[in-house]
């Protein structure tokens, strides 16, 4: 993994949103609110400066700092009292097989054409996940998954999620994935409502090359999106190439990475550490969950 | 439940397809192949004659009979040697609130207008399920679920499946539902990739009135489909009303309902009853699954 | 189902405990605290009078009434303002095959011997579930499941749970079962950590006869318990017979069965109906869950 | 991680068993059949020589080689044509708090006493998992989980599994875990039938220090086992310390690690790569799975 190019000064990010983290806001220089994902996904497709993420409401997976006390928190960070963790991202390319589509459709696909190889590509860094799904169709999607050039399985179902450890607690969790600590160097592949009931999420080492295509016998196209954005159709002859990005996002920790992550897990999963500890003090008034 | 109006003569149905049962074929009078769901969903929106469903490939949940031996099988049925089971269906209505949409959009929705009440409705019988999902959007759908007029929960996620016991082994199973025998008088409600990790599929008594609307604070519309068909958008002010239909589908059993169902489950779930029984005879050559 | 013999006067039950409902307490005549399950399982093996169940702490699945206001609540019930729901129970028999065990062990099993048939039986009514598991062994249990006399599957794993709809929200839920409303006439069979990843909980009609035995090739014995009690070993030659009891437990509803059940589900599943409704009033201070 | 001390010559291991890998056999010097786990767990508690694992029946997760062709396969390996992968193990210590137990029981616990610190310890290397469960009790176990000395959650349920990536496809998979490639440096923590429905398996970086104790308010003891062995009771005052071992097991690959792992996954999960590829050749005779 290449050394990330880190800007000298931290930036501040405020995340205020409820759902899968699609709409977090960012305050850059405390003046312009921005979306965390806009920031990380769109503006900063290469190296990202250390980010310090505040939440406006309750604790989030990406936003350990309280906005109310931002002056104190920022001061502490500038004094150098801050641990930094690198959140891995995925580098994603969409490759369009222009020849095949010309044959099929009689016209050229939209987008920039690489005249030398006859391919059309989009390249992005994603922080949470790449989702390939059935889009507006009611029918199953059929996609093939390759690892380091070898077909490892076909996924028949609503789709498939390829996520970072950061993304493992977002959409992938809703689809049944285990939750991976951001420090584990891994990529997670999670089927969405797979037709095969024994298909499970799998975790592969960071750095492998994943590729997704429509299965040759797929009757419908599929749709791909990147951190919930830039949704587009995938047709026969297209492929999506995914690997670990060499530009992770350096995040400033509130306490330390272990504490911050488990604190947010505890909220998300309704873990009852403190409640149970209280109970010890007064074991007689227990009964908070029954049958 | 009203007595179903049953036609005097059985019809024959052939199901040949792989996926969630969207494309089965039907032979009516042994001449015209038809889709089972076309038949049950589109042509026979009221009473359905007893159906005898053949599979062209391997055993399916709805097609216990082998097509190869159809003459013998049909002869047996005409001799009266057949158990019949009633597969419940759901009666679904889509109600469009025309006034509200006029306000919102400044124009009338498509479809037939009921001039007296200002509503637009579609009414259907479904054999498997009604699916409400996020459609082409990348964002979560937010729908409210009412039971007998009372709001019981909001579902935030990819959507929600309301299914019959027959449908519990189709898409609902892929979304994590338990499998319900067709003789259990029940309706199943299954969230699809719910944001709340503790949300589970729930099973309510047949005959309740379910209603689904967009949540008041939903930012996106939702999409509804019926046995994978007639997909349409649901907007603020629309609602979907679902209850048990009084027109179940009488299905002719191959052996009996218990045997037929477990036989198909065993295939679907890779149950190993026979393999294990063989193993008893020759316990030394076992080892079919390891670690 | 035989008409339950209902005593003329309601009894009051207080449930105060946290876990699977193993230790609820009962107040009979407002003087002697008792366990609900002691009451229903041990004392009242035949007909049960209508029970009015209070919780001492937070709302439980079986205890909709608040103890603080018991005088008012009881008064209302005696005035006749109460809906009653019948919670089904399971009738369970343990049958010991004395001849086979004599051959195997050279001695008689413990318990009462039925001298005429050479069998030993225990008969119980359970409100939640019968659990067959691997007991103190580290190794998989292997049990065969019969429905109406026919072998339907073998379960290889930590064990199997046969539960009522009431029990579907207890241990069975922890093992992955869907949640069944108490009014659905059904029995649920849930594998515990099954070796086969595609094995799912199944729901069969109330009234079927289930039978569980050790698989012929099982190397270890299994253990059975009834609502968490009377735990005992099951050996080759033993069987457990389970069917719907003709003595359900009439429960006095606080509001009505639908409301009471969903209210308790909402607590258990952290459903956010009220929180969301509040949010509508003041949508600006939202952000209660992120990423 | 310390460099493993690798013996110069490979050993051969034959695994022949069906269940969670508890009873694989080993052939050492081609004469004495042995259990893989006996070998790795009991004899080789420090460094392990490269192992070449044969299966006697069908493909297993740990046994990529066919026994039928062992002479050819072994010859190839001695020629140097073999990739080796390091399968991580867990180092586990059981620490008994002798003082507290003396107070509680009035007697000394069994086992070797460390006279200096008043502790009793057992230390083991495990290849699959450490399981802490409720043992012969019907009641929930309550254990506390610490990471690097900090309480991160309490687990209320049937128990908890701490596994290697190798173990993620064994018992942990049955309890709902995702499947982790052996090359991912991670430890997996999987609750067994947790009372909290939102509790999910979590994946933490290799090298962290995990500690498990009975919760202070646990009413029952718990039981621990190591790769299904050496089962023992855990009481108040005891703790189990788990971290990544510095003695991984070097395994000789049949093809390469990616191929071997996905080949075994495909068998275990009934992945249909080849079936689908066949279908392409003759797409008309499809229908292998139906509704």
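Just so it is clear, A, B, C and D label the chains in written order, and each chain counts residues from 1 on its own.
Basically, contacts are C-beta pairs under 8 Å (C-beta built on N, C-alpha and C of every residue); 3 or more make two chains touch, one makes a residue touch a chain.
All values derive from a computational prediction rather than experimental measurement.
Common partners of subunit A and subunit C, by the touch rule above, are B, D. Using CA-based centroids throughout, the chain positioned farthest away from subunit A is C.
Centre to centre, using the average C-alpha position, subunit B and subunit C are separated by 29 Å.
Separating the centre of subunit C from that of subunit D, both taken as means of CA atoms, is a distance of 33 Å.
Averaged C-alpha coordinates give centres for subunit B and subunit D that are 41 Å from one another. Multi-chain contact residues of subunit D, defined as those touching 2 or more other chains: 19-20, 173, 195-198, 200, 268-270, 289. Subunit D makes touch with subunit C in their complex at residues 19-20, 22, 131, 135-136, 138-140, 156-158, 171, 173-176, 192-195, 197-198, 223, 225, 228-229, 231, 268-270. Residues of subunit C touching subunit B in their complex: 147-148, 150-154, 165, 168, 173, 177-181, 183-186, 188, 190, 195-196, 198-205, 208, 215-217, 258-259, 262, 265-266, 268-273, 276, 279-280, 283, 289.
Residue ranges on subunit A touching subunit C, taken from their complex, read 15-21, 24, 55-63, 169-170, 196-198, 200, 268, 270, 285-291.
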